[in-house]
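The letters A, B, C, D, E, F, G and H name the chains in turn, as written, and every chain counts its residues from 1.
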């Protein structure tokens, strides 16, 4: 299935978990937040959260600004 | 029945018409507008408009301002 | 002798009169003033005013300004 | 003779010295300046400076200001 | 010297000075002031009959062919303002309304939320809406966006005479306005009315500055001239500002 | 609306706007501007014949019955200025002189020492002296003290268009002036001319703001209106400024 | 000299200068500026990982014990801003949010309607909301009314360096504020930061003025001193203004 | 953060704030203010002994190692000022003099003619002359030209608290000054002292703003910080002003 991660299209096996995706992405263990389909997913829920086909995953962090 | 006209309490016979009240009040034929219970009543509807007990009639006009 | 008129050097016969010089210069009959050696010479004195060698004659008028 | 010291009239014997007057006035030994008849008299000259009749002596010091 | 007419909702006005009638000591003074101002559009308030408020102003306007512009002065909420506008339309047979929805009596500043709500309702109800707004370019844009026929940003709070507190905001409003911009409220003296026009406003609306001046008719005259002066200055293209001087007389030899 | 005439040295003027002729692109434009300004008094400079400086201005003024006011523009010292004034008197048959003694070309600011010296000499020589001065109330007082017929403080340096840099100084000059105060130099747009009059000045003198505007005749019109507007506003007695608002419509029941 | 701490939502800060981190050329310069400013609270933006935006700022703040204040910069609607605030809370473990909901890229001015909507939602969601707002006293009042922990009115639009465009509005906001007032945006130089405090603001938030100055650390130092200076001046009770002079030295006999 | 010392006539000062001692309620308050200001140079007036004027100030300055700067306050003519300077030199053993020659009691403005005359005489007599002058760039140039060690233009008249009435004049003075420029008189609050330094002044001299504040020591502290803030801001190179906004956070994807 296809999932969009930070604007990139990824091919993943059905039933992939958010946690796995973020691990492969090398998302740091702190200072980030993740939204799936426009809603925040708390860190605790990453491992158990299954991604649906066409899901949009976005990973955010703090940058210079304001 | 009691009707409030511009803040004054009036005793009127049941089934009084708005037009009659305004005539007794000597409301001029132009430059005024009337609201009954907070809604505008067009001039044309004055004669045929029956007032309910406890109705609030307010007559407005233009004054210096702004 | 040499006389300076509005910055130009002129050769004139000894004893030349200011009036003659101004006539040759075509100075208009009004709207101008003349200074010889830094002092105003009234129009009435132009004809009879003898110029010395090395004299500086300046003719002024009104222009756009201020 | 009469001498004016800071606006006060004093009666002094002829030939009085500025120094004596200032001593009697209790003028401090520093932080002051003296003018006689509108001219500064350096401290060194106080003892030997004879006052004439009608002289004006003024003693100045620094005060809060500016 | 020639100038385009002011056009609001397709209607042309020769005068760019809109006068308010509030604060005048009496109708005679007001009449002189209106004539001196040569205004073609003048605000009136809507109040209950026989509440002692100064009436008679309408006859005065009719007599001189001055168009009345009813306002919703004193309204605190959208519903109040909408009803007042409807009463005005019924009483004066005009669908034009100067929309005021104020937040409190101390500042008399508009409430942006209620104002936008009321503007939208009145536009839908067929009114030609001229909203009294603050000098926020975003709110002005939104008011124009819902169909207001003009925007009327304040210079400073009503009656303060503090002039144009933030010329930069007015300039930003003018820079993007698709509808006429009318500087409303805060003007205290003539130079401020001229400045409003130099900033690019299409007209000026004022009341207190004239009606409460020591000599209202003369101040009305001053404002009439100032609005024309500022308008011409805007059109004439002013000289740039420079730090050092530039001679206006030719250099001497 | 009625107004007193401006009186300088016993002579009356209906217009309170004095125009300078410098900077105009050509005589035709200048002529239109002078007429639009409705000025009765206009400055000219004195220069050597055939130096290429724009002449013909005098005929223009005569044709329209506008009084020429010669200036001593460009003079750096009292002797220079005195001689230039005498030449002007001889050439134009007028004893009126706009006295300018500037200190340098970058600021074109008056030199207070030389200016006062020249003013004193010219007054003694029978001139009606109108000195271009800075906005120092003390210098203005001294110039009036030596017999100048008016004082002409600057708003800001010549040609900068920075307007009135220090309104407080102008107000102090007006507060004690025994002679007319004419705001001279620095005006860039109409509202600034109006402000000068509101501060209590008796007249405004300007050149660059009009002659170098994109549309000089229209800016001349703007200035004419602005000077009248500011004058009337001063006479009309403006409202006081207040921190909080004051309603211009009656309170609602 | 002693001063009360700044208290926001029950939390005390010794510094009244809040710095933004945007615009700094590199982290080393930013670090020096933060230290020179002696700020205890500093804004950061929330962006997608690997979008090339400057990261590393968080470690820097942690290293120096500076509290990060995430903002919702760039958000155009309430929903966008609410989501961004929630992401910030998740990423930074803070419920404090500098709420920005802007209307367009040219003015970067807040949209009053969306801002108030977002503020209400975030307060309900348990956030400590510090809204970036315009200088409208009514909107400030409404924001405080829905439970914002402070109000942060602008001096002028973000990055313009135009200073405090309307001191009267800031003074009106301060006059009735029940929560801290933090002057945010528009400051260009130190005297303007001091003025903000003299007007009664409780703190100043700025970024561009420091990060884009020629010498950011020195400008940060200037701002630190200016905020303290303005605060002390406000507390010290300034002298009244007078038209005429008053001697500071005793009269002479 | 490092800064060059202020150098006047070859002498270095770490502080750029010069305090006047006039107006203080008592010596104890004055002492606290002087210490809070961390000033190194402080003006005193010269008066007749036993005239009831506040003495004791000298001991105070000596005790804290603060250099006294005598002034000629109250003098109306060059001869008066010259004599007062000579008395000051004799009494205080200093050849430094703050030269004041005022024209009247209502404005306390300097008389340009007498001031320049006195300055020239005192320079010839070996004094280090620091003249209190108006904000006329030409007079400042002339004072420097006759050998004054600094020029001290006013912001506004003494004791008015009107701040810097004409920043453009101060900027012009700074632009060409060959000697230190010290903003003297008119400062009312901290932001104005900071502005003076941002305009490029080398130091600020003030008295009333501190001594007549409700809390003189705190205002002295405010002024010390403000002068440093303005100095650093000048050196740090402020951002340019722009009409439209510029984002301080990165654009969103």
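Rule of thumb we're sticking to: a residue touches a chain if its C-beta (ideal position, glycine included) is under 8 Å from a C-beta of that chain, and two chains touch if they have at least 3 such contacts.
From a predicted model like this one, the values you see are computed outputs, not experimental measurements.
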Exercise. Sort out for me whether B-E or B-F is joined by the greater number of C-beta contact pairs.
Key: B-E
Quiz item: If you match contact pairs by residue number, which of A-H, A-G or B-F shares over half of them with B-E?
Solution: A-G
Quiz item: What is the distance, in whole Å, between the centres of subunit C and subunit H, each centre taken as the mean of its C-alpha atoms?
Solution: 55
Quiz item: Roughly how many whole angstrom separate the Cα centroids of subunit F and subunit H?
Solution: 34
Quiz item: How many angstrom between the C-alpha centroids of subunit G and subunit D?
Solution: 64
Practice problem: For subunit G, write out the residues touching at least two other chains, lowest number first. | Solution: 20, 22-23, 45, 47-48, 51, 53-54, 71, 73, 107, 109, 162, 168, 172, 207, 243, 248-250, 253
Self-check item: Junction residues of subunit A, two or more chains touched
Solution: 7, 63-66
Self-check item: Touching residues (chain side subunit E, partner subunit C) in the complex
Solution: 248-250, 253
Self-check item: Contacting residues of subunit D [partner subunit G, same complex]
Solution: 7, 63-66
Practice problem: Would you tell me which residues of subunit E are touching subunit B in their complex? | Solution: 20-24, 30, 43-51, 53-55, 57-58, 68-71, 73, 83, 86-92, 98, 100, 207
Quiz prompt | Complex contacts: residues of subunit H adjacent to subunit F | solution = 103-104, 107, 109-113, 116, 134-139, 141-142, 156, 162, 165-166, 168-169, 172
Quiz item: Can you list the residues on subunit E that touch subunit F in the complex?
Solution: 1, 20, 22-23, 36, 45, 47-48, 51, 53-54, 71, 73-75, 105-109, 157-162, 188-195, 198, 207-209, 211-219, 221-226, 228-233, 235-253
